[in-house]
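In what comes next, chain A is part of two complexes: it sits with chain B in the first one and with chain C in the second one.
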Partner chain A sequence: MGILSGLRLYTAMARTTLQSRAIYRANFGLSLVFNSIMVTAELIVTLLLVHRVHGILGWNTAQVMLLFGMATTSGGTYRTFLSELSYFDKYLVNGEFDAVLTRPVPAWLAVAGRSVDPDQIGLVIEGMAIVAVSGTILGIFRLDAWLVIGELLAAVVSGTLIWMAMVTALAALGFWTTRVDTLQPMVLYGPQTAATFPLSVYPTDIRMLFYSIFPVAFGTYLPAMVILRKGPGAVMVLVSLFAAAAALALALRFWRFAVRHYTSTGT
Partner chain B sequence: MVWWVIARAAFRKNLAYVLAHMANNAGSLLFGLIYMALWHVASREETLGPFHGRELVSYIAASQALLWISTFLPSGLGIDLQVRSGSVALEMARPVPYVPRMVAAGIGEAFYNLVFRSGPLIVAFTVMGVFPWGHVRSEEALGGDIAAVLLALWMGVLMQYLVGIAAFWTMESRWALRLFLGLNMFMSGQLLPLQLMPPRLQESLNWLPFQALVSLPASVWLGVATQDAWISAGIWAVGLYVIAVLITHRATRRLEVQGG
Partner chain C sequence: MSERTQTRSPIIVADNLEKTFFRGRGRKAVQIPAVKPLSLTVEPGEFIGFLGPNGAGKSTTIKMLIGILEPSGGTVHVDGLIPAKHRVHLALRLGVVFGQRTQLWWDLPLLESYRLLKVMYRVNEADYRRQMETLVELLDLSSFWHTPVRQLSLGQRMRGELAAALLHRPKILVLDEPTIGLDVTAKSDVRRFLLRENRERRTTIVLTTHDMSDVEELCTRIVVINQGIKMFDGTVNHLEERTGALSALHVTFQTTPLWDAINLPGIEHLSSDDDRSVLLHYNRRQFTPPQILEQIREAGRIEDFRMEEPRLELIMRTLYEGDGRLGE
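Moving on, here comes the complex of A and B:
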């Protein structure tokens, strides 16, 4: 199936999911508010920490805030459009995946189509607001604003692709382990938290994890270095995009391999 | 004694998932390593507040272990599920008072976490030489250390109870859990010790219940806890239980059975 026809199919399924969720409007409002409280609390703690120690390894408070905003935006985007794969256990434990396999669409797309979660859109909005505020403080929009906005958009795309790759690989692992939730703190939440700080603070062996198995470096840290003119040239944004796309392609390959090894629970 | 039987049952129920929980512990360890690395670089072996050199790294190690007994307990102690399924009517009709029964079950869950969640982390951090054992200098100090941990566990269970009981009004309590986790992240000192916050903020947070979940026990282990923090925790330990009983009394009057 081509990318365009896949996208069309995803949009149609996503629309149905959105319609079914429209009856929970109050829940949507509450989720927006409380997600916002969570992000704000995390941001305050992060900024207080960096401010208290007068910056970390050459990164000042506003720069870390930008990193935080970028990580929140891409994390929110993936959660809005692909969160269902994070809860893939239920498909395996309850036997729901059998029904998915009977559909005339690729299994990954069928699960992804159920994923649209409007409750998470608040994360995207808040992440973008944090980027806008920190970017203004840092004055990154003063010179060549369109170039910086382009770099930021590219960073959000690579960040989202990285999360999609990681959550796809995690769900694929579920075909053998059955439980996906127990691995989430290590595969998703840990790297997500790590990505909100400059990766240079971590010891080499941990840092290498974020360039390879959990490649969050390509979603936030490296693009942020480019945007803040901290070393790598603009080509690093393209390298990050390529690495993110390659990670997703690899994860999808692993997913297809895993699906071939699926055995129904019979329930 | 019935409370003991309930707590033991809650502890044993989890034994079926030990292996899954061990995999989950790897994630906690990664979180610990991330924050320890951060503080290691940030503190640059200097003195920050009452912490000297690597003590901040030890604080984070203690915090990661404490989170499992005070914060990462079953969401709302499962009360919201009882409300949604309608089984809460049966639970409340049992000949054992509802609040102490749910709290006893929560304590059983917390003790399971102490052994199988915090335990492996403490072992790992001890092997790495960052867990604050060095501050246990005497029997009196050990008594204080244990008392602070038990207070954290007790208050964590009561806070989850309050999260769960919110479902009596809103049918589900995920929002309450998010609110609790958000406030807790900031106010318990789990990532940033309260002692490093601006003085006025620090003083205010010392009188809120969240500080007893992480800040108090971690500070006690490091020998930097204040008397005010102890007094505040003592007051809230009783106060939260009274609040739980009062709210439950109101909640039972508006009990609606959903029909399962």
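Moving on, here comes the complex of A and C:
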């Protein structure tokens, strides 16, 4: 399927999903408030922690806040576009996936089309606000503002792709195990939360995991190092983008392999 | 897709198709051979009744035909494609209805579902209009066109599902129990529609059902499977020739009859609703009703009798319950 027809299909499916979600629209304001309380609480805890230890290995409070803001933004973006995939096992358990597979649409695209969730946009806005505030405190926009903004955007894209890759791989595991929800905290939310802190706080072998099996480093830490001019050159932003895209491509291959092991349900 | 290529070659070819499920994990895993090597050939324009008792493997076979399940063994080609491999491509040529489960968007009116299907199946505006007009008329959709699917009655929903499956004018229609739970009128509406689709548009249809009158009215050929094995493949008449033309006679006596006098060779005494009546199964080619009545006169005074004609249902029952061998 070509990119263009894929996009057309996706748009049509997303529109339909939005229409059916509109029926429960009363939720929007509520989840906005709820999300922002959650994010603020998490941020406060993180910052208190950093403040207590007088910064983490050369990262001051504002820098950690920037990292946190970047992670929140890409997490929110992924949730806005691919939320269903995190509870994908329900499709497998109740056989709803049968209906997905009868349509002339690649299965992943069809699930993505059902995933659009505008309620999560609040997270993106909050993440961006945190980035803006901390960035201003740090003065990163003073010189080369456009370059920095470009780097931030690229970072959000890689962060989102990493989320998508990890969620896709995990959802694909659901074709073999019914324990995906017990794995989720460990292999998805764990690494993603870890990535809201400077990865230098972790022992080397754990840090290596974050560059390989759970490649969260490319979504937050590595680009943030570039943006904060902590050593790595601007090319690392592109490397991160490339790594994130490769991770998603790999996850999608695994997904397609998994779909062929779908066993459906008896009635 | 609007023009039909009139090829002579079969549209569905299954060759030793197999599916084994595993229940449980690791060493304790149990194998469930749902479909044992099954071969089947369907020509374009056929209306196949795919029959068998609960758990026979009908749905499993259908899921392999449309690419939802990958076969454990054997091969299958549908319109020249390998379903599990070319699923997306094949789906463009298939219409699928699962009676047990909706394929429509639960919260949306039918109209919105169709708009999306139009994009999914790459139907152009003119074809969409034309086909929609036909479907709305034939299936009488206009009265609930704007109602969310979850508020539709089962009969309305099923009409909606059929329209959804036919919007893109598929070459092949696959229906897994499309008449389940429908009342008499809804059933006959669905049947009339399917008959027209098959006879006028030459759409190949594969249908599973437990309702033998669906089969009698619609199918040009039946395939019976039991425990994953094909037991019969041919026309209804052909099946009757092989199993004996089963008929039933329901007899009511004035008082409780002498049961012993009803035990006649070649006539099966099946069931009775009360202690005064009896249901007899016999072969139409062997006996006539007057002959039977004559023979059971000894049992008591007959008050009433009536012929029952659920021919296929009787045949199926003997097929499902028996050892599966067809009397030759």
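Here, the second predicted complex is superposed on the first by the 265 of 267 C-alpha atoms of A that agree within 3 Å, B and C clash if a C-alpha of one lies under 4 Å from a C-alpha of the other, contacts with A are read in each partner's own complex, and residues count from 1 in each chain.
Throughout what follows, a contact is a pair of C-beta atoms (placed from the backbone, for glycine too) under 8 Å apart; a residue touches a chain by one contact, two chains touch by 3 or more.
What you see is a predicted model; the values in this text were computed from it and never measured.
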After superposition on the shared chain, which partner residues are touched by A:95: those of chain B (first), chain C (second), both, or neither?
second
Look at A:12 in the shared chain and tell me whether it touches chain B only, chain C only, both, or neither; answer first, second, both or neither.
second
Classify the contacts of A:41 with the two partner chains as first (chain B alone), second (chain C alone), both, or neither.
first
Dominant toucher of chain A (residue count), chain B or chain C:
B
Could you tell me if A:52 is touching chain B, chain C, both of them or neither one (first, second, both, neither)?
first
Answer with first, second, both or neither: which of chain B and chain C does A:104 touch in the superposed model?
second
Just chain B (first), just chain C (second), both, or neither: which does A:233 touch?
neither
Residues of chain A contacting chain B in one complex and chain C in the other
none
Given the complex with chain A, which residues does chain C contribute to the contact?
21, 55, 59, 63, 66-70, 84, 87-89, 91-92, 94, 96, 98, 100-103, 105-108, 112-113, 115-116, 119-122, 148
Touching residues (chain side chain A, partner chain C) in the complex
1, 5, 8-9, 12-13, 15-16, 19-20, 23, 95-96, 98-99, 101-106, 260-264, 266-267
Over in the complex, which chain B residues touch chain A? Could you list them?
20-21, 23-24, 26-28, 30-31, 33-34, 37-38, 41-44, 48, 172, 174-175, 178-179, 181-183, 185-186, 191-192, 196-197
For the chain A and chain B complex, residues of the former touching the latter
27, 30-31, 33-35, 37-38, 40-42, 44-45, 48-50, 52-53, 56-57, 177, 179, 182-187, 189-190, 193-194, 197, 201-203, 206
